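The structures considered in this document are given below.
Shared between the two complexes below is chain A, which has chain B as its partner in the first and chain C in the second.
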Partner chain A sequence: MTDHAVLVLRLAAPLQSWGGPSRYNRRETRPQPTKSGVLGLLAAAEGRPREASITDLLNLRLGVRVDQPGSLLRDYHTASDYRGIPLPSAKVNAKGAQTKTSPPKYTGVTERFYLQDAVFVAALCGPASLLEHLEHALRHPAFPLALGRRSCPPTGPVSLGLQDSTELPDALAAVPWQASAHRRCQVRGTEVTLEATVEDPAGDQLAVDVPDTYDLKTGTLFGRRSVRHLWVTVPTGRQAAEPADEEAPPASTGHDPFALLGW
Partner chain B sequence: MPYLSKIALNPRRRKAVSLLSSPHRLHAAILAGLAVQPVTERVLWRIENNTPHRTEILVLTENRPSWQHLVDEAGWPGADGGEPLLADYTPLLERIALGKEFGFRLTANPVQSVPRPTKQSEQQNTRLKARAEPLNPGERRPRGLRVAHRTAAQQLAWLLARADRHGFTIPEATSDTPAPGLKADGLFAAGPAVSIVSRDILRFNKHRDGPRVTLSTATFEGRLRVTDPEALRAALLQGIGPAKGYGQGLLTLAPVRAKAAVAHA
Partner chain C sequence: MSQPTLFVEVHVLQSLPPSNANRDDSGTPKQAVFGGARRARVSSQAWKRATRVEFAEAVEPADRATRTKRIAALLAERLTRPVTDGGTGLDIAQAERLAAALLEPLGITKSSKKEEQSAYLLFFGKRQLDDIVKLLNGRAAELAALPDKDLKAEVGKLPVVATLSTGHPAEVALFGRMVADLPTLNVDAAVQVAHALSTHAVRTEFDYYTAVDDENTDDHGAGMIGTVEFNSSTLYRYAVLGVHQLRDNLTSAEDTRHTAVRFVDAFTRSMPTGHQNSFAHRTLPHLVLLTLRTDQPVNLVSAYEEPVVGVTGLANESAVRLADELTSIATTWGARPSNILAAYNVEADKLTEAFGPSIAFPQLLDSLGELVGQWLADAEKTKADVR
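Here is the complex of A and B:
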């Protein structure tokens, strides 16, 4: 098992969007990074063309920890022709040119969903040689890296390095909490419990996010993988509160003007 | 001999709801508890919402009052915990000494006087017109118009500006040390040890078809240090700021909180 390693990624950005198999004019986001999105990020870092084979990447097992869940952003999006002519339809005429929509449709309406201000830790378990190559590629990416969409570039370095451990839950528990300073201010305790999803053949849930290819000509068909949900507890780095701090909240509401009157 | 009393009102009773909805009616009900009529002394009071499901009224009177009418009509007559508390206020007045620290709470109506408000009401317009005539020699310049402070920052600045003349200062707050990894920059700097715990705008009519009263109030809570015992005693008995008839301006002192005391020692 020594030839296996774990590559740890930090996926943080103002906007992320992990689509999965969403269709037509409503493009949704999953609450956690998808395998398709993470493998696409790695393939882009390596510089693979879209039609290249990704079978070697599919064998990597993915685990995701939610360090900061973020919030959902809905982008109401319209598209129309600036000349005021109807939008083109999907049909082509005898000459092969696209026809106009009939009855004319001037505005296309789409909804795109994003995760705002989310931070995830993703761990990939697989052969050490492949992961070392991918880790180098992440630090020297061939194509710009993006978190689910090209409009969502990551904040800070994506790679947190390689780990020797072979179990995804252990690897996720070993990574320090990656939440932003704002979120750290809000949490008073000494440790936080974070939601995690790991790929496990014995898992009781199915995730439909395994891509077959990224080729745009054929489109992507999504396969299934078994996953398991668990909780991971990590330290926040904050000292335990002093006893005086714990007494303060009840006292703060108790302004008793009679206390000084010899009552 | 001043007395501090605390009367518990039952908000599920119609009379209590009627009293609590109008500071005008509540003031009349409080003055009715004094036997020396007509009331000429300064009566200060305040509504306290510390406990859920009951509202307490804190009243400071010069003579010994009786609150039986309030308890019978709007409280819990005969119930445990329904009896009003009544305490002599002189022990507190005697404890006030230079340099001592107390916790305080004050609900006040912070106002300022401006020569010409940016947006005048009808009454303000008529007053401004009336004073448009040039002043005769020897005549005093008329007062400005009273306008409420509306932001929390202004209300806090109002209190800090008045602290000195009422015989106290508000010391610097002692803040917790920041967590490891967090820098102690301006975000964590300690300010004065006072905070606004609630803000409200009271709107009520003095009587049917009567003038509408609007008061912008703020409740301050914090720590104070005595700099002039005589002035602080006067502030405790006479109140701070305007709208004293409508439950504003009663300053109460309490022991400094345990945490603040530890930090101070």
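Here is the complex of A and C:
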């Protein structure tokens, strides 16, 4: 198994957007990075053209840890022709040409959704040689990197380096907590429990986010993969039992119904 | 292995007075939460459009790009021009027929109602039309005389699609183009622009206003009342230009150098025009920092994750934070830019330490042009050596 390794990524930015299959004027984001988005990031770093094959990347197994869940941002977005020409409509005429909107409509409205103020850790498990190559590409990208959408450049280092081959849950548990200062202030205990999703053939959930290609000619069809949700506990870096905190409830009571909300 | 890369990053700190440059569907200035605090936001799309408009203003009309459905009419018009004027001297009917044949491989069929219009808007350069005319190589009259079938066969041999896939105008090369039906015409944008965010927390304010009815003599009430939402902010704006990618899109090194400089100029000086007449928020930056990197772009927005609290002025503190972030990133992960250029009007020793002395903006652009030109020349040489 030494020919395998785990590549760990830190995905943080004021805005990120991880779309799955979404159509027309409402461009949504998933609450966590998608496989399509993460592989796209890697392919862009390598400078692969859109029509290049991505079959070697598809076999990488992905695990995602939610270090800071962030919240949903809805962005109102309009588009129009600057010369004042009506927008094309969805209809085509007998010759297959798009018709103009009638009555004329000049401004197209779209809604784009983003995750704001979120931080994720992603781990990819696969052949060591491929991951070494990708890790180098992340540090020397051919195209500027983006978290799901081009207007979302990452902040801080994207690659946290390679680890020896382990299981994805163990790999995720080994990475220090990446949350920002304000989130750290909210957690009092010495440990924090984070939601995670790992790819697992025996998983009980399906994620529909496996791309077949990024070729614009054919468009992307999304395949399914089995995933499993789990909790990962990592140290917060706080000293245990600060004298001033004596009145605070014990750090872990085992059940926290608000954990998924990131409170 | 991979080709050498050069990223030019533009970091701008700019204060906006009470304004509403970019609003959502309820009229509220756009916002985002960052570092747990609500920030003013101007979307990347809004600022890209402002940049594009600013960019186009300084371009010769003949060199500009156009986004139109009328490519067939424009091409036909060029074909009717006399040979001395770069045309072929055909009459209009022949020219239209030839233009239609030339554009057929693009899938640009005429719309049935509007004779001159194609099915979709195509973003291309006016010079590219001249290049298509040149493909005819003086055979225009000969081709126009052929019957439909032979015309199609002959014209099919000409690399029309290839012509539209090269020699892009600067605007297409910078901002990209997507044609769903004909992916060979796609151009990947060389520019990435982030949403502008305020370095500090903001709250939306409401401006209550009344409008007077000048002809009203009956009562003393207002003719109309309403509110306008606004905020004021010191924004951190970030954009990155892949010079290597721009060169691939443009092919010419001289055009690449010129376009890179013009882009930085246009991005820095542009301003979205939302509520411009109500607020006159047209400001110029406090600080423009250019970082050139040959490894990877670094967005310094993390400097403001903890919102700035303006004790000695927001701009001042934001600038110092930016200097600290640039230095600390260089130390902690060894990502030092290969060159740093900055223009600023904020007084602080820390800035000079991190960015070097302030250079007036026009000189800053000149220096950028030299650095980009030098890199392009070196990249050309490396390529030749490899060959």
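The rule is short, and it goes like this: the second predicted complex is superposed on the first by the 230 of 263 C-alpha atoms of A that agree within 3 Å, B and C clash if a C-alpha of one lies under 4 Å from a C-alpha of the other, contacts with A are read in each partner's own complex, and residues count from 1 in each chain.
The rule is simple: contacts are C-beta pairs under 8 Å (C-beta built on N, C-alpha and C of every residue); 3 or more make two chains touch, one makes a residue touch a chain.
Every value quoted in this text rests on a predicted model; they were computed, and no experiment measured them.
K.L.:
A:Leu216 contacts which: chain B (first), chain C (second), both, neither?
P.N.:
A:Leu216 contacts chain C only, not chain B.
K.L.:
Should A:Pro103 be classified as contacting the first partner (chain B), the second (chain C), both, or neither?
P.N.:
neither
K.L.:
Determine, under the contact definition given at the top, whether A:Asp256 touches first (chain B), second (chain C), both, or neither.
P.N.:
In the superposed model, A:Asp256 contacts chain B only, not chain C.
K.L.:
Touch check for A:Pro201: first (chain B), second (chain C), both, or neither?
P.N.:
Touch partners of A:Pro201: none, neither chain B nor chain C.
K.L.:
Return the chain, chain B or chain C, that is in touch with more residues of chain A.
P.N.:
C
K.L.:
Going by the contact rule set out at the top, does A:Ala181 touch chain B (first), chain C (second), both, or neither?
P.N.:
Both partners, chain B and chain C.
K.L.:
Same chain A residues contacting chain B and chain C, which ones?
P.N.:
The overlap between the chain B and chain C interfaces on chain A comprises residues 181.
K.L.:
What residues of chain A sit close enough to touch chain B in their complex?
P.N.:
181, 184-185, 237-239, 244-245, 247-248, 251-263
K.L.:
Which of the residues in chain C come into contact with chain A in the complex?
P.N.:
Going by the criterion above, the answer is residues 2-3, 5, 7, 24-25, 30, 32-37, 39, 43-45, 53, 67, 69, 109-113, 118-121, 178, 180, 183, 186, 188-189, 192-195, 197, 238, 240, 242, 244-245, 295-297, 299-302, 305-306, 333.
K.L.:
Going by the contact rule set out above, which residues of chain A touch chain C in the complex?
P.N.:
Going by the criterion above, the answer is residues 13-15, 46-47, 50-51, 70-71, 73-77, 81-82, 85, 88, 93-99, 109, 114, 116-117, 137-146, 150-157, 180-183, 215-217.
K.L.:
So in the complex, the part of chain B that touches chain A is made up of which residues?
P.N.:
Contacts found on chain B: 4, 6, 50, 58, 85, 87-89, 91-92, 95, 102-103, 105, 176, 179-182, 221, 252-255, 257-259, 262.
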